[in-house]
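Supplied in structure tokens, the structure appears directly below.
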Amino acid sequence: MSAFLTSSLMHNIFGGLAQGVVYSLVALSLVIVWQSTHVLNFAQGAMAMFATYIGMTEIDRGIGYWWCVIISVAVGMIVGGLTERVLIRPLYGKPEINPIVVMVGFLGVLEALSAAIWTSSTRNIAEPFSQIFYHANGNLVYLSPFIIFQIILAICIMLLVAALFRFTRLGLQLRASALAPEVSRLLGIRVSRMLTIGWMLSAGVGAIAAVIQASGSFGLFPTNMDGIFVAGFIAAAVGGLESPIGAVAGGLLIGLAEQFILAYWSPNVAPLGGIIILVVALMIRPQGLFTKHAGRRV
Amino acid sequence: MDWWRSFFRQESTHSRLIGVTALAALTLAITFVLPPVANSELAGGAAIAIVILGLSWLIGWSGQISLGNSGFMAVGAYAAGIWAHHHNTTPLVFTLALAIVAGGLSGLIIAIPSTRLRGPYLAGLTLAFAAAVTPIAQNFTSVTGGEGGIFLNSLVTPSWFGHLFSGANAVINANAQWTADLAVVVAAVSFFFMANLFHSRTGRAMRLVRDNDVAAELMGVDLLRTRSSAFMIAAAYAGLGGALYSLLEASVRPETFPLTLSITLLTLMVLGGIGTLSGAVIGGIIYSFSADLVAHVNSLTGVNPTSNLGANMQGIIFGVLLILTMMFAPRGLVSLRTPIQKLFRILRPRRQTPDLGELH
Amino acid sequence: MTLLSVSALALGGITTGLLSSSAGAAGSTPGVSANSITIGATVPLSGIAVSYAPVSAAANAVFKWVNAHGGVNGRKIKYIRLDDCYGLASYGLGCTAGASVTTLSQNQVLVAQDHVFATVGSLGTAAEESVEGYLKQNGVPQLFVNSGSKAWDDPSQYPDLFGYQTSYNAEGKIFAEFIKTHYAGETLGFIGQNDDFGANGLLGLTDGGVNVASANALTYNTADAITGSTSDIQADVATLQASKCQVVVLDSVPPFTTGILEVAHALGYSPTWIISSVGADPTSVNFAGEAGAYTLDYFPSVTDTGDAWIPWTRKVLLADKTDFPTFTSSSIMTGNELYGVGYAVEFVEALKAEGKTVTRAGFVKSLLSATFSGPAITPLKYSASNHQGLQGGVIAKIDANGSKAPVNATPVNGTVFTTGNSKASPLKTTTKLTISPIPSWLK
């Protein structure tokens, strides 16, 4: 058993899953926003990064790690809600390029603003769990307490989101507003409020992803979510922007693919893995692998 | 002035040639009075204007979005750079042609899956492409020089040009102005071709596809071919601009093409005005002198330019401008009623809406 | 075309006249006036290589010291240092120079706006390679480049280009000799920066006669610090660990040295580390786990007060309240400051030897025949066929400092290695350090 755990195959699987769950969370947050407002939020990663900066710098004031996580998520949700109200709401009904461009602009503002406030140097955050890998019979197991923590936290968040949408009244209203806004409005659901809540939820999930990423060995810096966003987007597109389960599966797939390319070819070509998967998936099903309705929106 | 306007509104190749030439001549004349540092900045701006024009064509005329133009620039730059590194005596025209072909081919490869995609999927795929190009280039160190890059000495000021200058700083002034003039001429040729493309059958078909692809298909327009050719042309322009930029920089290095460059390009295009020649000119001018602009803002507001805020002022200003422009003047600075607009109008396409009748 | 040529020619004629009348007397040397000489450098004052910032600051302190004592032949030295963020401004990474700054754009400012006599001590392998052509084309000498690339030793192509430090090739050859003597038969690994820094270092190891299996000769990109999606150094370290490499040579800048050592620590991997002189400075690396690693030194130990250059450097830095405001008599000095002092003293001595009339051609010519003093413990010598600079160094071991980061490296024994760039250039050893006295006029 320990020989199996220390094998290079398991090393790559653990490494791929650890990175994959972060992609999955970003993909999930993109899908939530897409479902509620049909906007692809290019500032998703930057918004999460910004929230993480505000939350995690509280550690410097002696506030505990977990409180800082909660602050990050809360700030993320507030930023998400405000973004929908101020930047996105005026653009409903405009050509689809308009919200994309506005969110790209917002991405630029957030990254520059963060660098102006907190500098663009890497900031290491004291992680709650050790990042030193386990050993078995003198050989390395490519799992650390921190990696186990990040996988478990990500799974909990995904289950929480699933439960919210499936079993709560709010979740039902959110789904109804996304599927049939006109009917929902007639039934007394305040659709515009649901759109804002969708953005808040999405930004909260994104903030968790950024917190995990920043607590890991890469640390926190203004562009630290750029690569994660690209991979998260690819994951969401592979799964189909309509499908939360597809987003999660897509994230894990991209994470594993990158890890195996990194290990068996070169770290530099790892981003290629995501693109190849995306192109193949989109050639097979242009609306994503997990989307049920293949009809095109005009 | 009516005769002037009507003359340029004649949509003949001839009038466009004269229009572009006049603008280029004006710019060339200006390079004689600019200080050498400003000439170097202008040269970079001319190269970037070519890329912006391609992007403007793609988004404004074919309705497809690309966040991958920094990637296409890198492809063109590496193609030209690798060639020029080994064949230093190749005429510049050939090196640049190589970049156009390489950029166009990369555009075609991306276009094949892309033409089946709309909006967000397309934006994301091109973004992923831009994110992957430079790491992949770095992987093949023996060909691309890895992270260090390739160093070029292809742009040598000809002696006849150098002889126009005298004085203690003659060499410096001549070199800076030669690069600026060269870049302006290459940009002018690219602008002339695009001006003709706007008014060609392809251009009209493109707008029809953008506005109503079902109708276009009914009228016999091949959607796949039209969309992928739009991508190819935009990528070829990006390849040319990227190669020219790298020749001016005398090196091809991965850090010239960060992901943020795609965002900068989009910003400049939107600021100038989507789908117009003058928008690309304005975008290029803003790029050229953005550092001076930011320095000016810093000195106006009393911000220390080497503080964190001062160093990131450009990102903040560009981002805010992009958001405000898209929300309040989505057709860009060119749509604002100013005297400059009248000057630039001579270069704008006459009609912004497609005319179905023209397709026959 | 008529419009174009007419306006161009007309304006051209006017401006050519303007330029020639306003540009001052033809034939005078740029940057040199009767009472001043202006030189420049592009250096990282912020960003990923900011730990090198003290190098040019120390050089500037020397110039200020010289100016305060009457200057050189009646001329005060004005040293303009512009931040180019190691040529990586577009990536951010703590850079405060602005995202659009490049090494070339900053050199254009130095040359075309500030009219410097020469660039002196500009830093970075790839960054300086990217401006070689520009400086040559505009006739500006590129002196004492702060990098050990062998690219600076190319007199036939770049006659006005000079290096300063021991080349990464020579360093690699010396490391190879050290490995053959003390770690014969052990498995070797290598991680280098993916530019000429890493490439030259690896070539030096091979030329020196040790073999690094190609699967264990790895690179990292500084750009990977910005994407956060994949990590070169984690994969690199894991590969070397899996290959059971017992000796690992690093050609990395300090933040990446730190990163590699930290990753190895997390993986429970502890080979013998041999780190390039430019990536080993303990204060810059700032990681307790660096203790015990070996490096190459071409300066005396900063705690060696027996070497007259150490107290002199401290005196010069103490006098500079602008660039070293918090420096006290008990502050820790690093190899960075000695490096800056080294090339600044070299420049001042060469300038002094020039006398009252200073020209670019004359200055470059006299560099070839001059002998220099300075803090370096190996000879500094140029010739018509060799523009590299220092020729070797001593192997030093990073000292332990409790649980805190180490602050010093101590020479292992008295052996001084000297060699050149090429494979054929022999490796010589001596036990005698080159300790040059401080010229009386500098004291």
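As written, the chains take the letters A, B and C, and residue 1 is the first residue of each chain.
FYI, a residue touches a chain if its C-beta (ideal position, glycine included) is under 8 Å from a C-beta of that chain, and two chains touch if they have at least 3 such contacts.
Note that this is a predicted model, so its numbers are computed, not measured.
Of all chains, the one whose Cα centroid sits at the greatest distance from that of chain A is C. No other two chains have as many C-beta pairs in contact as B-C. Each chain gets a centre from the mean of its Cα atoms; for chain A and chain C, those two points are 42 Å apart. Chain B and chain C have centres, each the mean of its CA atoms, that are 37 Å apart. If you average the CA atoms of chain A and of chain B, the two centres end up 33 Å from each other. In chain B, the positions touching at least two other chains are 131, 135, 138, 260, 308, 311, 313-315. Residues of chain A in contact with two or more other chains: 111, 115, 119-120, 223, 226-227, 230, 268, 270-271. For chain C, residues touching at least two other chains, in rising order: 91, 95-96, 221, 224, 226-227, 230.
Contact residues on chain A toward chain B in their complex (touch as defined above): 34, 40, 42, 87, 90-91, 94, 96-98, 100-102, 104-113, 115-117, 119-120, 223, 226-227, 230, 233-234, 237, 241, 266, 268-272, 274-275, 278-279, 282-283, 286, 296-297. Taken in their complex, chain A has these residues touching chain C: 8, 11, 19, 111, 115, 119-122, 131-133, 135, 140, 144, 213, 217-218, 221-228, 230-231, 258, 262-263, 267-268, 270-271. Chain C meets chain A in the complex at residues 91-96, 221, 224-232, 234-236, 238, 241-242, 262-263, 265-268.
Of all residues in chain C, those touching chain B in their complex are 1, 3-8, 10-12, 14-16, 19-28, 30, 45-46, 83, 87-88, 90-91, 95-102, 104-105, 108-109, 111-113, 115, 125-126, 129-134, 137-139, 193-197, 199, 219, 221-224, 226-227, 230. On the chain B side of its complex with chain C, the touching residues are 18, 21-22, 24-26, 28-29, 32-33, 35-37, 40-41, 131, 134-135, 138, 141, 145-149, 151-153, 156-157, 164-173, 175-176, 249-251, 253-256, 258, 260-261, 290-291, 294, 305-308, 310-311, 313-315.
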